[in-house]
Amino acid sequence: MDLTVLASAIVDGLLMGLVYGLVALGLALIWGVMNIINFAHGDYMVLGAYIAVLFSLLGVDAVYALPFAFAVVYLAGVATYKLVIRRILDAPFVSQIAATFALLLLIRYGVELVAGPRTWIVESVLSGSVVRVGPLSIVCSKLFAGIVSIAVFVVVYLFLTRTYTGLAVRAIAQNRSAAMLQGIDVDRVNSIVFGLGVGVAGLAGALVALVQPVFPELGGFYCLVAFVSVVLGGFTSVVGSFLGAIIIGLSESLSAVYISPTLKNAIAFTVFILVLLFRPTGLFGRFGRRV
Amino acid sequence: MGGREILVVENVWKRFGGIVALAGVSIEVREGERLAIIGPNGSGKTTLFNVITGYVKPDRGRVSFDGQDITGKKPHQIARLGIARTFQIVKPFANLTVEENVVVAALSRNRSVEEARRHALHVLELVGLYDKRNVRAAMLNLAEKKRLELAKALALNPRLLLLDEVAAGLRPSEIKELKKLLYKINSEGVTIVMVEHVLRAVSGFAERVVVLHHGSKLAEGRPEDIAKDPRVVDAYLGSLASQLLEV
Amino acid sequence: MVLHMQRKVLVAVAIMVVAVVAVGIALFLGVGGVEERVMGQPKVIKVGVILPLTGRLAETGEDLKRGIEFAVYQINSMGGVKNCGGAKIVVVWGDSQARPERGAAEAERLIVEEHVVALVGAYQSAVTKTASEVAERYRVPFLNPDSTSPTLTERGYKWFFRITPHDGMFVKQQVEFVNWLNKRCGGCIKRIAIIHEDSEWGTNVARLWEKEFSAAGYEIVDVISYHAPTVTSFDAEVERLKRSKPDLLLVASYVHDALLLMKTIKAKKLYVKAILAQDAGFVSPAYVSQVGDAGWFVFSREVFNWDLVQKMPRLKEVEEEYRRMYGVSLNGNSARDYTGMWVLYYALEEACKIVKPWEDLQKFREALRDALANLYIPGDKLIMPWKGVKFDEKGQNILGQGIIVQMMEDGKYYTVYPPEYATREPVFPMPSWEERSR
Amino acid sequence: MSFPTQRELVTALAVLIFAIAADGVAYVFDKPFLANSIYLALMYALAGLAWNILAGFTGLVSFGHAVFFGLGAYATMIAMLHKIPAVLGILLAGGVGFLAAVLLAPIWLRLKSHWFTLATIATAEILKLSFIVWPAVGGASGLQAPIAEPGEELYYLYFRGAYLYVFIAAVLVAIEVVVLWSILRGPIGYKLQAIREDEDAAMALAIDPLKYKFFALAISGFFTGLAGSLYTIRYRFIDPFTVFDLISVSTYIALVGIVGGIYTFLGPIIGSFIVVPAAEYVRSTLMSIASRYAALHGVVLGAVLLIVSLMAPEGVVERVRAKMVVWSKVVKVVREWVVERS
């Protein structure tokens, strides 16, 4: 296989990895702060994707859907927190899994109920155009998705490190009861974190809608990728998960070219189990922990 | 007093990241003895227990029990040899009843559940939890949980009992009762090593006291002598002034 | 107390054993003796139809269902099955939910509970596999109008009949088509690349393509598979295709992957002289309505196309009436299931000469099976572009064939092959991307 | 507390007798749909009980039991294709499930809580994808058993309808119930629960957690493998998409346990007999009222699961039992009051 194919696979893997990163970031954030695995995470992402679909149906360019996707899914997340998540924070582990899994079913099939099982394609100003870099041609919408992902990541990072609420979030992640003693309103911060976590995923969903067709089960795959990324990234580390997602994106596109496209996910999962076994703190265990 | 050495800890080192938890600790415990290990916060008491019982692997050094090297053995193997321990933060099996909690322990010495239950009920009577035997462990108060912790350890029929701050959080009257119980157990030939934060908790009970400080042995001797030892006073002062007031 | 409890347990176990043994013996003695009772109301012939009415394929299921309903409506309004005294055909629906084990359960229910004379269905090959297995077990004819996996007719079943051509036949026809194209450009197609999804269907088609096209002397330069449920990008694959420089690209895809693939091919300006797809995703309404100019000039194998009305007078009539009733046009799925019901009707007429279903249901089923095995329907009685219907000893209709369509610049597919059905000349080779943007 | 009581054993066996009786009724009145629902409920009960020895008694929550189910299904199918009697095929499925558990144990058992769960999901997905690209086991096309010749029905367990299969499934569940019941009441049951509650504390009581988890996993693999063989002998066609499915296999197995209550021995059986027939019923009625929208089924399932996990996280069985305790207390008070008066 020659170099252009390799380079193209790397660029593609990198760009998809950045989008995966947004999904993984929210998962890690929720996990780190609330110690809850959100099995429905990918489906909140799909909510965002359907908002992009809605925009293009209304004749508005899907690019404008991004802030709305974030806002709507953020609110959905806050509502979910108040109605469901809050009640299972201290519940047995099985109840937590069952409840978030129930959310997955509700959202996935709720979407199918409203929008039908069909596949949608979202058109925007970006679709179809290509940027040429040497022998490489990069699809514009994908490039856009990658750039937006980086920007969102930076914003979230600054929010967590530079704002009061962000500090509170990190304090809770470190030690919930200590944070409570210092007068932090844990419940309020939790609801913000859950909203933010799924909201970012929703935004990622709108980006995904720009680069690939949308259908109700789309979230399952992204959720699995997010899990793998989070594990690679050292579990609760936001920065680590983002990097982990990029690695998954790269390994996927490279194995699609060099091994077998069917097995590319099997390879991602194998990496996942190996990391759990041999680097139980993740690849970036110490780097950026709990940020 | 003055039996042969049942537990020997030789020059044990343990480091967590940059912190040295144990810096060459050596302790000998004689059979039938009542030994107390005290020290301020972070002096390595619990780590020492964890090393002896196999929960933590020492970086260097050796632990032997009854002449047998047990360094690096798994906790359950060590428990099987006859060393029972309690945990500083109590660990009841919350969703099991008190009786079931102790039956689990008794099963290490009994084949059948029936035998184990008989033994467990006997132990529960001993520690005074018999009336609570059908209560879910999660429902007990702290003192009862500590007694349950003790009952579980006793149900193993141990030769050596390691007690990690069993007195902490108890009222003086409860402590007195506990001490009476421990005397009784000791008189039946069980060697007892207890870790406590403060000397007062062990005075009148321990025959010998070891003081740990920054992971190494600071002093060793009879309780009365230790109380007067200026190095010990300094250590407590140095660590946290308020703790001295408790001594 | 303990003793008391133990006695209770013993008693319970004893009852259990007795019950189990009793029911077991009863059931076992009854094996094979599940004789269906004679149906209550005469003058009705019940047919079971299994389709994916709910689940992922619900939209397709709807289409298939309309085809069946329409055929039954026509047959009944023409006076029903005449040799059975004008008995009306009644359809009993079974929902496979697109799952093999549901298909089997529904087949069983229709046969045993509903006493249907035959089963029709079930679209997906995997579901047809399990449902027809049940039919074989109960000795009930299974008529399959719409599954294309070649393995279905390789099982040696005696009660299974397939009307539609299977993928093996389609592929042979595609080779003929490519040969035909090749003559038009003086042998410009030499190198062929294949990209396919990796479920049973795509994998089988790719294997057949490889075999048949290499046998026909073409060079297979690349075979790429992908997993449709998780594919998020074709960038690397298209880049690889660019390197292998095929003259012809063969594609087997479902809907969303077909869309993604064509968009990527357009974005990356991959040029090949022709793209030939294996229907499925490429002819689905969602694809046709959304692919835009990325899908122009792509050939696809089809079983049916809207412009056939211009070439087939009988189809024209049917299509107009169908459109009046449902407001939509016939498509490959509804037309095939419509045809399936008519084929069944002809066989019912034959079987009714021998025995009536309400006299002896199982004997009628046997007669129906024989009627199907000996059936010949000429092509002019059908609305499909076929030479007719005749089953070989494996139960495969040997007179069926596919057509090749091409999407033109108005975003519609036109029939281009076989020539007797063609309404347009093929655009070949494809114009380059530069020419198109002008 | 959570130890299987004699009453639970009696109830479990009673449920099985009831299942067989209902099967008989379905047979007499030609109701294959009912028999099929019972069969599915028994299949999931078999797997659910096996799942729960891990989740309920050891604290290891698997969402990847499709691993054992799928391998068991394939084992039986391959046995059948090699003309091995189906009874041996079923045993083989158990053996393969057991073997898979033994081989996976060194990987899975190094992980705890969430990580265990995720590893199980990942393993099932890896297996599914590997089977799709593995031609020797039929690849994506799957495998179908041939039609048995007349006279070979018993040899290949080839019957019409679900009726006799229900009988086979009930026998398997009964064996499992009796085996698990006697194991879990004994020392092993105590030790497993101790591990579930607190692994460190269990170790201090001379319990080797790895040994008992290994044991639980192996047993769980064995019986889940058997459940997989039930799928094969009845439907006679399998492919990787169906038998390794995350939703309809792994999740459903966990679901029947969670709905029934994981801390009770009976939980999965009751859960299975609630969830499966209800789901089947909802599906068949949904078809008539809203044929296009199977999605409603998913939504309903999600709602049920959410309500159970929020309102009755201890499961239906515990719920009912708690209610019954309250009720019997009321009865007792009333009776005493009446006795006093008279």
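Should a chain be cited, it is by its letter among A, B, C and D, assigned in written order, with residues numbered from 1 in that chain.
The rule we apply is simple: a contact is a pair of C-beta atoms (placed from the backbone, for glycine too) under 8 Å apart; a residue touches a chain by one contact, two chains touch by 3 or more.
Computed from a predicted structure; not experimentally measured.
Comparing chain pairs B-D and C-D, the larger number of C-beta contacts belongs to C-D.
Taking the CA centroid of subunit D as reference, the farthest chain centroid is that of B. The centroid of the Cα atoms in subunit B and the matching centroid in subunit D are 43 Å apart. One inter-chain figure worth recording: subunit C and subunit D are separated by 35 Å, centre to centre, where each centre is the mean of the chain's CA atoms. Spacing of subunit B relative to subunit C, judged by their CA centroids, is 74 angstrom.
Chain geometry summary: the mean Cα position of subunit A and that of subunit C are 38 Å apart. Listed for subunit C are residues 55, 58-59, 198, 227, each touching two or more other chains. Each of the following residues of subunit D touches two or more other chains: 129, 132-133, 292-293, 297. Interfaces, counted as pairs of touching chains, are A-C, A-D, B-D, C-D.
By the touch criterion given at the top, residues 53-55, 74-77, 79-80, 84-85, 87, 91-97, 100, 103-105, 107-108, 111-113, 116, 136, 152-153, 155-156 of subunit B touch subunit D in their complex. Interface of subunit C with subunit D (complex): residues 5-6, 8-9, 12-13, 15-16, 19-20, 23-24, 26-28, 30-32, 34, 36, 53-55, 58-59, 62, 93, 95, 97, 99-101, 104-105, 108-109, 112-113, 126, 129-130, 133, 136-138, 149, 151, 155, 157, 198-200, 202-204, 227. Residues 6, 9-10, 13-14, 16-17, 20-21, 23-24, 27, 30-33, 36, 129, 132-133, 139-142, 144, 146-147, 153, 158-164, 167, 170-171, 174, 231, 234-237, 239, 241-242, 248, 283-284, 286-287, 291-294, 297 of subunit D touch subunit C in their complex. Here subunit A touches subunit D in the complex through residues 37, 84, 87-88, 91-95, 97-99, 101-106, 108-110, 112-113, 116-117, 216, 220, 224, 227-228, 231, 260, 262-263, 265-266, 269-270, 272-273, 276-277, 280, going by the rule given at the top.
In the complex of the two chains, the subunit D residues touching subunit B come out as 1-3, 185-187, 190-191, 193-194, 197-198, 200-209, 263.
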